[in-house]
Amino acid sequence: MTAVDFSTTFSNAWFPTPLFTASGCASSGKELAQFFPLKDIGAVVTKSIMNKARLGRPTPRMAETPSGMLNSIGLQGPGIDTFLEKDIPWLIEQKARIIVSIAGETVEEYSTLARKLRAVAGISAIEVNISCPNVENRGLVFACDPEASRKVIDGVRRTIGGEIPIIAKLSPDVTDIVSIARGVVDAGADGLALINTVLGMVINVSTMRPHLGGKTGGLSGPAIRPIAVRAIYQVHAAMPHVPILGMGGVASGRDAFEMILAGASGVSVGTASFGNPMAIPQIQEELKALLAEKGFKQLKDAIGYAHRSDETHE
Amino acid sequence: MSQINRNAAQLRATIVGNKLVGQYHQILISVGDLVDRCKPGNFVAINVGGDSSRMILRRAFAISRVAHSASFGGTMELIVAPHGQGSKWLCSQPEGAIIDLVAPLGSAFGIPTEPVQVLLVGGGYGSAPLFGLAEVLKTRGCKVDMLLGASTAGKIYAPMEGKRSVNSLRIYTEDGSMGIAGKVTDPITELISDLDVAVIYSCGPMGMLSAISALTESTDVVHQCAVEESMACGIGICMTCVLPVRNSDNSISMLRSCIDGPVMDGADVMWDLVGKNPLVQP
Amino acid sequence: MTAVDFSTTFSNAWFPTPLFTASGCASSGKELAQFFPLKDIGAVVTKSIMNKARLGRPTPRMAETPSGMLNSIGLQGPGIDTFLEKDIPWLIEQKARIIVSIAGETVEEYSTLARKLRAVAGISAIEVNISCPNVENRGLVFACDPEASRKVIDGVRRTIGGEIPIIAKLSPDVTDIVSIARGVVDAGADGLALINTVLGMVINVSTMRPHLGGKTGGLSGPAIRPIAVRAIYQVHAAMPHVPILGMGGVASGRDAFEMILAGASGVSVGTASFGNPMAIPQIQEELKALLAEKGFKQLKDAIGYAHRSDETHE
Amino acid sequence: MSQINRNAAQLRATIVGNKLVGQYHQILISVGDLVDRCKPGNFVAINVGGDSSRMILRRAFAISRVAHSASFGGTMELIVAPHGQGSKWLCSQPEGAIIDLVAPLGSAFGIPTEPVQVLLVGGGYGSAPLFGLAEVLKTRGCKVDMLLGASTAGKIYAPMEGKRSVNSLRIYTEDGSMGIAGKVTDPITELISDLDVAVIYSCGPMGMLSAISALTESTDVVHQCAVEESMACGIGICMTCVLPVRNSDNSISMLRSCIDGPVMDGADVMWDLVGKNPLVQP
């Protein structure tokens, strides 16, 4: 095998491989550790954590859709304090690289979370989930409002200082994702995570009512991959120097490669792990083989390759 | 290593039997040594639809029994109701087909340390894991009585050989097409006192489990039930399969029925809050 | 068989069944006439027509995606004059009910198209496609800009007079579809068509470049159905009296029923006809059977049924 | 009734044969009376992946030949290259499998009214419809010579029985593993004058068709080629399969290769503009 340099970076954070879990699709990591060593993949992105414990939404919380699924979890979680006490030390013990995803209901909550994370050793980066469509009032989705998005990132940036990279996670449910992206980068985000789930609904034709307890849910899985690739391509075209963590329906090395060509520096795998607990290490191997087959010596050379015009392509 | 899913493995396994029993398919899968890790109550998660399927999630099925066979090695038996597209696909797989499965998953029925009187209550295909459980309980010296119920005869699963491990078996159908006309929960209160039941093991529709919990509430009977919630992953990473469970300090947790279940203590599950907004924040 | 009253209305336009073709997925109707009589379905919605003839985008114009497809046609068409001369008389001869879809590059072009349609007999309604994501500059998509959307509909309304109902077709690629919907209804739209395709992209991993000639394309098919159902549900909740023509991934009677329960008065079928030329009549029969099975005496009673709270449900 | 798709019907048909020929699958389908409406050049559109498939579009295949057989009635033969997921699925279908197809679709090769000299040029599986065409041309008294080319021997499709209808058959492979090493287009110019070719019929990769059009440009030879563009519907309703074609007034039309093709006049297709923006608006 050709030795492809498979490493990637998000600002000052280095990862040996570009394949990460997706927030909310690997819980805190313990559940997947039976299937593969967590240190073998690029990073574990933990389930978005809020300041206080939260029970989340009523069930049913899922509906399968053609090549996708809806979820409506409502950010169930133990709260940051319990999380830092129980989950982080365990992940560090596993030698996993850790990206902590945070979510809040107010700009303050995000800053509070950042303050609690500032002193914690062993965290590679913070993913700021400003885009979860599952919060009670859709009007309150930060990621749909350029001003609110900036404020959250600005608050986190000021609190956290310059040490830990911040990755802002955006929602595709906006008219112009590039302008939202520009806003959060201006406000201090080092990287962008694209995309969160797409707002959707399924109606149960037996009960003739919305199927999910929370009525609407977030659409994920291969169904949304073309939307994710488009978002990554658009944002990379506008800001080629901002690293992107791509996600949305990646289920094979081919899919991960597609996102990297579109402009992603790393790829998170979410829903695919539900259907296949070994998805991430398998995708990782497939991607490595594909890069070698295409003659890339390092992953970095493939990032955004689809943007090169045929003229500059030798 | 974490303790979660600690017995689970993913493997490609061959279907070695598929026969119709009433309205169910009895599916036998050759899984090798994996059988040694399977306990009554555990379930298996199976990929459905093949390579180019639009169904991206696994389907969960209780492991009905495991056995060692001369021709197929370790085998796992499932009782599958052809419900929607995924389970119908599984039921249509011929012998020789290879499926991708993850097993064993979830919690198992707790086995009493003393030889006590137990009652097994199964609804529909919920009886599947109870026969394997009955065998284990019998070897521990328990006295095992069983009640099975369904809407109609074709939905009663009660194999001949399974009956050997139980002391008595009573069948209830709502339309009276088999056994006694009525609900499987009808005789429970009386049986608890008549037989001096120590533990009820139940598996079936959520309504049945909840009804049994109500019946055992003011008694000393332990109620171990195997719950069934919609599951996206089956391994604890998605948080879709949660149930409201009361903690010892009276606070509520939303526990994952795939890793903290499917077998749960019926007294802890807050049946009234299932599918509702558990407003209370702990 | 129970005789379900299967008819539906959009303002003063009456249709014997709620199943329509989707614009751009039935050309002008001739191509499907071999498979079923066009008069047997609710209406033929014709391919969006512009004022002048147009060659459209370079090939490849399609990419199949998981449970969906991308298209990038670029509104190829003969121009309104040829269309009125050749296609409309033929459709009238078939006794088909006709909804003409129009598209323009300027507010004036839409008004011009409306003027040319005003005098044409035999047209049941006009669908105003303000949402095609396939035009050259994404910034120019009318449906993504509330003000531009209103102006187009206002211009068409003034030109066409009060006789022919106007159905405004919206894009899901917006932050707040309800506000766009309100705007066009205020400007005079009698109904709304939801949803047009979702902007997406596929990268060809062999060439390592965007697969489509037009780079981005519109995602359609079952993959987007949950997005469509959500949009219909949201808009119907906000404006229960505005009739909605639902579409996006409908491929069975069950799917059509889902849209009707969400609030659609009619359902267009697009991509499903590509995989099955008999899709529309088949879906129509399945829907009729489902309505009867559920005990509905008339289609109208099922429209928006998913919004009823369990309390009001006897 | 419109004239478009006027011979087409949708039907569920049984696969009655599936055998490997080189790198292709020769698939035989029982389609009944439909065979009487199929002409050389027409194609069939087939549903792939089964009921719960994530592949929502049909796949197009040239109808290689039709025949009446005692055991299966009217049959249609396809030569399928296992390319991506859809064609691989089709190639994996066993005899007895039922598929959903729409046929015959598209234009057919035009048959000369006089018995002239013709040359048939096939690339890869593109030779499939040429043997059926050769039979028809031969019955009309034409003299038929044939050239087949491919990258390698396994991609040459040249069945024994097909050769009966042709006067000569020359094979070219790029790697020299069969026949002459080289491109199938190499000898065309010479053959045109040597044999006094009146019509070239071609089917194969677009590059081959375009090369033949270039070679015939300054000659009197008519070039009827079967083009291949990505198709979403195959019946003319989606506008994805278009090709730039020059009209008699020199304006350009984007014609649908599914209904105005696949057989087109090679001299009219603007090969240079395929896949480009035909800037000119008529």
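The letters A, B, C and D name the chains in turn, as written, and every chain counts its residues from 1.
Keep in mind that, in the parts below, a residue touches a chain if its C-beta (ideal position, glycine included) is under 8 Å from a C-beta of that chain, and two chains touch if they have at least 3 such contacts.
Because the structure is a prediction, the values reported are computed rather than measured.
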Intersection of the contact lists for chain B and chain D: A, C
Computed distance of Cα centres, chain C from chain B, in Å: 46
Mean-CA-position distance for chain C and chain A (Å): 34
Whole-Å gap separating chain C and chain D, where each centre is the average of the chain's CA atoms: 35
Two or more partner chains touched - positions in chain B: 54-55
For chain A, residues contacting two or more additional chains: 63, 66-68, 221-222
Pairwise touch network: line, ring, star, complete, or other: complete
Parts of chain B lying in touch with chain C, wherever the complex brings them together: 54
Residue numbers on chain A that touch chain C, as the complex places them: 63, 65-68, 70, 144, 173-176, 198-203, 205, 208-210, 215-217, 219, 221-227, 229-230, 233, 249, 254, 257-258, 261-262, 290, 294, 305-306, 310
Partner chain B, residues of chain C touching it in the complex: 66-67, 222
Complex interface listing, chain B residues touching chain A: 1-2, 4-6, 8, 10, 47, 54-58, 100, 102, 229-244, 252-254, 259, 274-278, 280-282
Residues of chain C defined as touching chain D within the complex: 24-27, 30-35, 47, 52-64, 66-69, 71, 73, 76, 90, 213, 221-222, 251, 271-278
